[in-house]
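One chain, subunit A, appears in both complexes that follow, with subunit B as partner in the first and subunit C in the second.
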Partner chain A sequence: MKKIIFSLLILIKILLADGLINFNTPSPPQALIPNGIFTGLDFQSAYKFIKIYGTPNTCKVSSVKDGLVGLKAHLIEPYLIAEAVKKPFYMRMLEMKLKNSAALLKKQGVLSKDGSKYVHILKFPIISYLLKSSQVNTNNVLAFAKPSIILYYMSEIDPSSWKDFLKIKMLPEIFYSISPQGLIASLVDCTAATTMNFDIAKTNKYLQNTRDMFFYAQGCNGLLSIGSNNDGQEAPFVTAINMIQSNIYEMSRYGIYKQSVESMFNKDKKQIWCSAEKGAKIKYQWLIQLARPTKGKILQSGTTSALFQDLKNNASTAGDAVFVIWKQRDYTMFAYQGGD
Partner chain B sequence: MKKIFVFNILILQIFAYIDLGIQGTLYPILENNNTFSKILKESFKKNKNKIKKEVITAINKAFRYDKNLRYSKKDYNITVIDYSILQTDIYSPYTKQIIKHKGEKIIVPMPKGIEESFCLIDGKWDVNTTKKILKKLNKCNFYLVANKDIRKWAELYNKHNVYPYNEKIIKRWKLDKAPSKVILFDKYRKNIYLNYYKFKEKK
Partner chain C sequence: MMQKILFIVFLFFNFPLFAQNNINNVIDSFKNRYLVKNQLNYVYKYIPQYRNFMEEKYPNIFNLYNYYSSKKKEFPTIFYFTSASVPKQNFYNILLSINKLKETYQIQSAQIFKDIEFKSLSKYLKKITKNRENNTSLDTALNNAMLFRFDPKSFKKLNITKVPVLAFAMCKGDAYPSDCDIKYIIRGDVSLTKFFFLISEIDNNYLSYYQKLIETQ
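For the complex of A and B:
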């Protein structure tokens, strides 16, 4: 008997040493802020977007008579952090639960048990924020957004995300997205988006225009009404991406998110190369990347992997996901006047 | 003897080697360019606590929206047709021509027999006046509260259908005074009518 126990102990010791048996509890989920923020960003694709064109451009300045001369350029930066969570008032990017807030939802009938349907969008231009604090001056050479942190959207406290009548009243374009026309538009949009993904940094005016034209279509996610918050057990991230898209549309409608890329919607505005301007939603301007639980690539919106099946082997965030939304910018190097 | 034989074969093999060129596909080795992320990492370490604090204040700000509201002086009703204006041209996917132009009005009908309402309230008022106003407003489907954290407001008045002041909604219906109540209903078959109602509390 003693021999058996002794041999078993030795066997366990060998297995432990080889790492075949692991008694340690799984490591706690890594927070986006403070640790995993840099591992989650796809910088490798982002480098491809930095371009300097040979064409010179002048920007008018009140202090200089003829204006400043510079070269046309293009870049990309992480602008928003959007997350889709199951628990209400739980900030996955911070791994933090907000106190005294769950009671609010009880009577609103907003609580749901399945599907990730609470969406939070935080403006956090990481690069400009950290470069500013490290006192690296990139003002006119690399024109990044103003360094500030603002919570733009929290679906729990936005009535239009829960009241269907409000959503329809606020966004009457919904009717175009859920019609036969919307179906054809989403097919065309999906084809354009996937073609652009092959060489994401390459510009193609025809495909760009196609994407911008059908701003209400959801790409390869299918026929969806803009911003609908229906429970999707099969694809809850599709709902999340849809809500993020609708938020971008609404915010750019009220001039909070600005146009920073030359498009068919701002053909006459040459000022776009000198500062960002208010206007319509430019779909091409925004790119989505999955940051957690797995690091994805920068992709056109509507083509991001958005199914639970893709993430089922990674339970580190309990089915929640964090997306980084990148913003493209056309600007004049050495003469850019700023703008968000 | 054996050693010499093996040595001979080895030498022969070396001379028999012919360069056949590149066989199969070659894949370039991508090395991560970490210079940029290194600068960011260093500055992040320094500002870790500052960022966390700023994010938390940004979250708390979302629950409370400060806005100077004008007060309504008279009780009055306005009934108008509700419409919204298109902000962008809408193109046809078949022909890529504009179907609806920017600036055109769109009337969105409410479903038949459904009535929805919401109210705008200022969180600066005293407890008594707010209670009186809430009584006079009668039932609202939900409340928009300005100048107070909605979590505290909900605890005070035991009303949970509360949302912070929402600029998008206020701009859409051009609400400029508080308290006010908006009722959306279908009056006729085709058009939707909006009942816009404000009043002043008597002192």
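For the complex of A and C:
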């Protein structure tokens, strides 16, 4: 019986990962718009990222049409909403509880112990919903992601979130992060991230490359293995961010989160400007911002003030936190054909 | 035979080669929940050795943060506050003169819009970039000097109600007006030569910019 349930859980996880269980919606349902997310977004620093250069770029697809020659541009948008909650199966961003399947799982001994955080990740490209309502076709001018809501990850039904033995089977690269060179990598990664936070919108290739190269290091959070849930009681938000990072890493390995920023990993740069590409985890591409209970700034991953002590006095969300993960994009204006 | 091949393929996809040797040795330690703490002790043993190695190879690696911040210079920047209603010839003239300055001086430049209005912006961009292949000097100017950015905060701060407006600033980082301290600002449609002529009357250091702009070659 245990085996059957276990295999079912894994099947559900795979289905979730592939995005098969999703609900694509043509217009925004009012009930599903996360409460307080719009006010929690840091739009002021998001403005800095929008750049339109004068350099032209051509995208050849199948036939030469009008509008395939465009300008190079850079963009940012809120792409994922990730949350760290105390109660299992409680969606803080939607303020709703899923059906009580926790009891069933508890019988099987799958649910983790008290004190640890549960992480949910939801794809919610808010900007595309906003623009859809005003009936503006922006696919060519500003290439935001297409409107679709998908629940990508729930750590309650992911056994590898609390069993490192399973995690190591999925991600053998964990060896990097706990080795002596991992310590030095995290030191270098931390310094690179903090210097990049100074002018967050400025592109510095040397710093970007160091961040991308040490993709397994967790920045200033210290020596943590990717996706480990070990420090559950001590610094739960650090673990939450660590698990979010591991999810981004896994999903980009499967090709679900796509690479949209030019980096040292992709050799053919022209593809990035014309369409999104399946590839490695680009750390520089993803930026993290704390949205609830307090509004934070857009920062490089691994430099957010993720300590539980910082938020302890704020009881509005009962110790839970919601993070918004921003996605950067290099594209050719008037010719970009990615959409995701 | 088939089973063996499948087994080998299965192994190959499951474990990358670099990890395979280490798995058996370390797998017991992964059963422990407090994995990181145990591993830290292991790491501390090796620190001095690795630290010496790293310091020899990269002397600034532990000092990168200070090194980067001390190296920062203030860059002279020219901001051109515009909108989609400004005629394209005025925009071209500014770009051409900025490009001329960039040949000799290290200068940043950006064209600032108040907000993103998709329809007007796309029309304006198409209008600007039309027939650019015929004019080579304009083409290089667009490549080097054009950078559209959006900053509603600075429009409020500088009380800009009508465009175009030219501004001169010193920026430590990126060319973004709300992060820089703006020194001079002239409202109305002014050419860059006139702009630097007026500034050089106040500060003599900017006379060289003016002289560069009125050169024939």
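The rule is short, and it goes like this: the second predicted complex is superposed on the first by the 288 of 340 C-alpha atoms of A that agree within 3 Å, B and C clash if a C-alpha of one lies under 4 Å from a C-alpha of the other, contacts with A are read in each partner's own complex, and residues count from 1 in each chain.
The rule is simple: a residue touches a chain if its C-beta (ideal position, glycine included) is under 8 Å from a C-beta of that chain, and two chains touch if they have at least 3 such contacts.
Owing to the predicted nature of the structure, the values given are computational and were not obtained by experimental measurement.
By the touch criterion stated above, A:223 is placed in contact with subunit C alone, subunit B being left untouched. Once the two complexes are laid over each other on the shared chain, residue contacts for A:198 go to subunit C alone; subunit B is not touched. When the two complexes are overlaid on their common chain A, residue A:333 makes contact with subunit C while staying clear of subunit B.
Greater residue coverage of subunit A by touch, when subunit B is weighed against subunit C, goes to B.
Within the superposed three-chain model, A:122 lies in touch with subunit B and out of touch with subunit C [touch as defined at top]. When the two structures are aligned on the shared chain, A:53 is found in touch with subunit C, with no touch to subunit B.
When the two complexes are overlaid on their common chain A, residue A:173 makes contact with subunit B and with subunit C alike. Residue overlap on subunit A between the subunit B contacts of one complex and the subunit C contacts of the other covers 44, 47, 131, 136, 165, 168-169, 172-173, 175, 181, 184, 188. Within the complex, the subunit A residues that touch subunit B are 33-34, 37-38, 41, 43-44, 47, 91, 94, 96, 98, 100-101, 103-108, 122, 124, 126-127, 129-131, 133-134, 136, 149-151, 154, 157-160, 163, 165-166, 168-170, 172-173, 175-176, 181, 184-185, 188, 213-216, 250, 253-254, 265, 280-281.
Interface residues of subunit C, counted against subunit A in their complex, comprise 14-16, 18-19, 22-23, 26-27, 30-37, 39-40, 43, 46-47, 50-51, 54, 61-62, 64-65, 68-69, 95, 116, 118-119, 121-122, 125-126, 129, 132, 142-153, 173-174, 176, 179.
Listed in rising order, the residues of subunit A touching subunit C in the complex are 44, 47-48, 50-56, 71, 131, 136, 138, 140-142, 164-165, 168-169, 172-173, 175, 178-184, 187-188, 191-192, 194-195, 198-199, 201-202, 223-225, 228, 230-231, 333-334.
Every residue of subunit B that touches subunit A in the complex is listed here, in rising order: 30, 32-33, 36-37, 39-44, 46-48, 50-52, 54-56, 58-59, 61-63, 82, 84, 86-88, 90-94, 96, 106, 108, 110-111, 114, 116, 118, 141-142, 144, 150-151, 154-155, 160-164, 166-169, 171-172, 184.
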